[in-house]
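What follows is a short report on a single structure.
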Amino acid sequence: MNLWQFVEPSMLVNLAIVVPVIGALLLIAAGNYPNLRESVTLATAALLFTIVLVITDNTFNAVAMETTWVALFPGLSLTFVVEPLGVLFALVASFLWIITTLYAIGYMRGHKEDNQTRFFFCFAIAISSVMAICFSGNLLTLFVFYELLTLSTYPLVTHAGTEAAKKGGRTYLGILLSTSIAFLLLAVMGTWAVTGTLDFQPGGIVADTENKSLLAVLLVLFCYGIGKAAIMPFHRWLPAAMVAPTPVSALLHAVAVVKAGVFSILKVAIYIFGIDRLKEIPTADVMLYIGAATVLISSSIAMTKDNLKARLAYSTVSQLSYIVVGALLATPIAAAGAALHIATHAVGKITLFFCAGAIMVAKHKKNVSEMAGLGRVMPITMTAFAIGAISIIGLPPMAGTWSKWFLTIGALEADKLIIVVTLMISSLLNIAYLLPIPIKAFFAKQAPSAEPWSWAEVQEAPLPSVIALTVTSAGCLALFFFPQPLVDLINLIPGINGAINGVG
Amino acid sequence: MSVIVDYYNYWIVVFLMMAGFYVVISANNLVKKVVGLNIFQTSVFMLYISMGKVSGGTAPIIIEGVTQYSNPLPHVLILTAIVVGVATTAVGLSLVIRIKHAYGTVEENEFQNEDDAI
Amino acid sequence: MLEQHLPALAILLPLIAAPIVFILGRSTVVWLLATFTGAWASIVAFQLLLTTLAEGAIHYSLGGWSAPWGIELTVDALNAFVLLAVTGVSTMVLVYSKESIAKEIDKAKHGFYYTAYLLAMAGLSGILITGDAFNLFVFLEISSLATYTLVSLASDRRCLTAAFRYLIMGTIGATFILIGVGLLYMKTGTLNMLDLAERIAAFDRSRTINTGLAFIVVGVSIKLALFPLHRWLPPAYTYAPSAVSSFLASTATKVAVYVLIRFIFTIFGPDYVFYDMGMDMVFMFLAIVAIFKCSYMAAVQNNVKTILAFSSVAQVGYMVLGISLVTTTGLMAGLIHIFNHALMKSALFMAVGAVFYRVGSVEVHAFKGMGKQMPFTMAAFTIAGLSIIGVPLTAGFVSKWYLVSAALQQNLWVIAVLILLGSLLAIVYIGRIVEAAYFHDVPEGRDASKLKEAPLLMLIPMWVMVLANLYFGIDTSLTTEAVGHASEWLFQSTELLEVAQ
Amino acid sequence: MTEVLIDLVLLGMLAMTALRVIFLKDLFAVVMLFSIFSFVSALIFINLDAVDVAFTEAAVGAGISTVLMLGTIALTGRTEKKNSHSSILHLVVVCVTGAALIYGTMDMPPFGNADNPIHQHVAPRYIEDSPKEVGLPNIVTSVLASYRGFDTLGETVVVFAAMIGVLSLLGTARPTNKRATPESGLAKHRVLHVVAKIIIPFIILFALYVQFHGDYGPGGGFQAGVIAAAALILYALVFGASFAHRIVSPRQLEVFAPLGVLLYASVGLVGMIKGANFLDYNVLASTAAAGQHYGIIIIELGVGLTVFAAMLGLFYAFSNQVERSNVQ
């Protein structure tokens, strides 16, 4: 903590955005020396995490942090304001960046990928954009960095350069860019035209707006404009993005990018519409049920996928809609649950992706059907997978329990029984498509090999990768037993106001 | 009747303009297009000169004892416009010659078929 | 001493440099002289803009004869702003020209190139600054004749037919303007723009004035390639030498848009044009059709220069759309897009020219693998392309923002949606080229080792334009201040006239 | 009434000529009809008191333009082929445009009425004050060279631009080879030789007269330049281009044309140096009147020089093309 005590609190926000960029430039300079390059990346990630920790500390101490860069238009600037929800997301993203970097080093080397410098560079730029999204003080800033995030992750998706990668990249860019320009920009500008401001304010900024049907349209535009939230039918980009190397899928398409989407929706719900006002908007319910439908449909699709990453991708689509549903239920507890789900789903899903990648590197297996009996060869990986899967399903003693619990309570509070039922069915579906994988890995009937299991059989992925997935699976457990810090943070969000004090 | 006396000049000029304009847009031969352009422009010059006329006036060169002169300003403008016209004609005709060298024809539909038109 | 003569200098610098360049012939000195002239003219334009922003309009009576008897140069925020864009971009294209025309134009004709270029610049500056309707016609013809020459300098024979078509359409347009100005003159007896405005506002609307308006609008619309009068533009931009395409795409049509604005707002007054004559609906309809039809046309072409040419017509649609909204914000959007579009299109055409320099073709397949072979060129193309699409932090985003705001201010949600959908089409046509550059290998039979990065003298101006795209996408103070002043003044002036009435 | 009658007859002739042009396929006839059109227009201009304009139209339209067109059809063939595509759309466009114009004439000030706005505003000052302010009896020259001198500078630049365009397209005339010379021109026609030798000096003299007398009567630098060019064109036609090149070579023309523009502009610059606005002649000499006089003489020279060089240059370029194709 002492590291940053001489820096002004507001300056920290700038640092959080700029440090990854500097790191990116440094690692380009170190491009020809892989060891140096990766040390730079790790160091940057660690540095960023410390910055975010200090910001978190300041948030608890109610130190106001904001900074303005440049006025893009008269009365509209690129502004960054720290608020608890953003801090939560920043914490998750920056912490997982360290782990992912560690993992990526093992993965990329193990996989002998080309263009590793470009890979790490784009990765750092993407993280910088995510930080900017976390701390954005108005919708314009959010929009600007939302687009930057799309563009900076595009080279990562198409990293392999194969025909499939190109096709995936086209879908990725096409959907994300189109929805954001056609819907999100329109929504942002519509808000600007209606209210005359774009600042995120506690309680929302549309309180004085009489025209409800206009707000209804705006809400739909926001929900679909934020294509990164992957609400059906604009979810196709996420499975398409799975052609990327696994670390990318892990951090960006389980954590940073997709969470940037649902984070934006949460932020719009809380700070633009305001939770109270949201209830009165007719389309909130419509979008709520579309979200619920997305939860169920994509879970069902996930079951049909044999490719592990594709299955995980559809699982992600489904879980993202939990958060959308939480935001649109428009009760404080549901919103808190949604916020918490950002963190809990992140650790769970990243663990699963890490495992998928580790299997790919170690055994070159992509499909679920080939993974029977893998527990003998990769016991650590498969154990981690089981932990992650249970967390995603939402069973104790894993982190996912809490967020699903609050979401369900929120749905009950809002008198939306259909949503409660949906959540229950979805959990069952989760069990159906996730749990069989570790179970078969450990207990499937193998070809008659009477040999008792021994360590000699073990063929794990490279050490850095194994460490990474161990850490995240430990995280799943830790967040179950010690969720209090995160809960405290969420309680600071205006509109939630300590709604979930009873936990722990 | 007075309408005719007042405007007959303009009407004929309009007719001339449109004749020239028609040749420009409908002619297939590029030389004829340029001729049409010239007729079009010359007729526009006549519009200007017509408006400068004052009945009973003389050419705008100061002579003792004359008080009624036609308006000199349209004349000045048209002097300039004539020069602009001949300049355009010269460049246009040079292009026609080069097109003849390049395509062997100056009929619009023939060279359009040779290259895929945009 | 020169301060008081700035308006005259803006025209005279290129005008006097042109004959000198022609006498000097075809050496490197000529290039230096032309570039120097361009740079000086840009500085003059910048000074003019600062002066007008600080002190208001400048009037300069040529020959010492006051208006309306003599010809007056009138500089206000509007034309100073456009002048800055035109001279600035022209200068950068001049820098770029040296290497580019070495490849594309016969060495013996380089002297003609620079002379015609400077004449075109002088003509465009003259159109922008003059305060006299007939003088505008004269400068219009100077710039037109010079551009016909420039287009015809390419070695592809198709440039000849393109130039001829351009000449016929351009001359018809100019003659229409001449007829229109004649009709106005007939009713008012004056040619000075401000005097015309006063007298038109004072007279009752008459059929003659209506016809004059119609002819001027149609004539200018030909010049600015407003759909459906745009047919001359794509071939001209496609077959002209790359440097010329870059120059024309970023200046000629922009100046024509300026002329449209000047006639509508300063001379006729928006009340008359839009409320009495209902032209706003016509413009809006044509602009929307232009955006979609020509963006679509751009998306299906195979020649990159044709793609960019159709894109230009579509972008002109955005400018006209801004004007047709008849609000200060709408006009600001149109004006800002004049400036920003000049920045992006010049950069794009420069990048295309650089590829032509190495590959010798501008078909989309010629771009395959260029991302690796010519990284700086293709990066420039990509960034400028993002600007066309309207991605945040580029100049194109600023234009789009104002345009959509203007539409929303008027509660025209449909228009706002259409604007945004239109920019999706830009993703398609830019995306195709970018994809070819980055995701394909150099085709078989093309020696990749020879496809090096473009020469520095092409890269530098290209990147200056790219950086300008980024700069004006982030720091919009200069552009918004200028267009804010300009559009407020344009609307105000008509109100003032009404009060006087 | 006679004026009106003459006007009507001439306009009728124009209308017939224009109609013939539409339907004729023989391009030679079309060009000659255009020449007639131009010439008749010049007569109408005289009838409408625009003597300077008439002079110019006759020299340019009936003269230079016709020569250039004839040169072109000599290269491109003299008949227009049958036009296959439908022209109904064109007819509609033309009718709509024409209808708009007729609609516009409905509110026009009556033809020839001295109370029309254009005779009341701006122009009166030219008529009443220009003899004092500029000091020339020919008001057109005063307005052209002084009040609207900037237009005329522009006009000179247009001519220069046209020359640039034509030369870049057709190439600068190369010295023709010796063997081609006898066939070219009209070398065998003795009568022409004699007549030309007698006429050419007078034409040049006339050109000089028009150049310097433009202040007092119709004429000026532009007309003078065209006439002087015509003298040399005649010489080239009769004796062959290579002889004409010996008098004024294409290379010299390429220097004269820009020099004329520079001469014009420099008058303006001197005014600027002397502290007045660009093209303000009042400061050129001790009194305003003398200043105007000097200024106008020099700029008219500039115009004359550029126009002469450009017109002759155009002719050289065109005739060079014709000769080259003859040689082939």
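General observations
A, B, C and D are the chain letters, set down in written order, and residue numbers restart from 1 in every chain.
The criterion applied here is as follows: a residue touches a chain if its C-beta (ideal position, glycine included) is under 8 Å from a C-beta of that chain, and two chains touch if they have at least 3 such contacts.
Quantities reported herein were computed from a predicted structural model and do not represent experimental measurements.
Sorting all chain pairs by how many C-beta pairs they have in contact places B-D at the top.
Closest to the middle of the protein, by Cα centroid, lies chain C. With centres set at the average Cα position, the gap from chain B to chain D is 13 Å. With centres defined as mean CA coordinates, chain D is found 76 Å away from chain A. The mean-CA centres of chain A and chain C are about 45 angstrom from one another, to the nearest whole unit.
One inter-chain figure worth recording: chain C and chain D are separated by 31 Å, centre to centre, where each centre is the mean of the chain's CA atoms. Counting only residues that touch two or more partner chains, chain A has none.
Annotation for chain B: residues 17, 21, 25, 30, 51, 73-74, 77, 80, 84, 87-88, 91, 95-96, 98 touch two or more other chains. Each of the following residues of chain C touches two or more other chains: 134, 138, 141, 145, 148-149, 152, 179, 185-186, 191. Applying the touch criterion to all chain pairs gives A-C, B-C, B-D, C-D. Chain B makes touch with chain C in their complex at residues 17, 21, 24-25, 30, 33, 37, 40-41, 44, 47-48, 51, 73-74, 77, 80-81, 84, 87-88, 91-92, 95-96, 98-99, 102-103, 111-112, 115, 117-118.
Residues of chain D touching chain C in their complex: 100-101, 103-109, 116-123, 125-126, 146-151, 153-155, 157-158, 160-162, 164-165, 167-169, 254-255, 257-259, 261-262, 265, 268-269, 272, 275-282.
Across the complex, chain D is touched by residues 2, 5-23, 25-32, 34-36, 38-39, 42-43, 45-46, 49-63, 68-80, 82-91, 93-98, 100, 106-107, 109-110 of chain B.
Within the complex formed with chain B, the chain C residues making contact are 134, 137-138, 141, 144-145, 148-149, 152, 157-158, 160-161, 163-164, 167-168, 171-172, 175, 178-179, 182, 185-186, 191, 234-235, 238, 301, 306. Taken in their complex, chain C has these residues touching chain A: 386, 389-393, 398, 400-401, 404-405, 408-409, 413, 416-417, 420-421, 423-424, 427, 431, 435, 439, 474-477, 480, 484.
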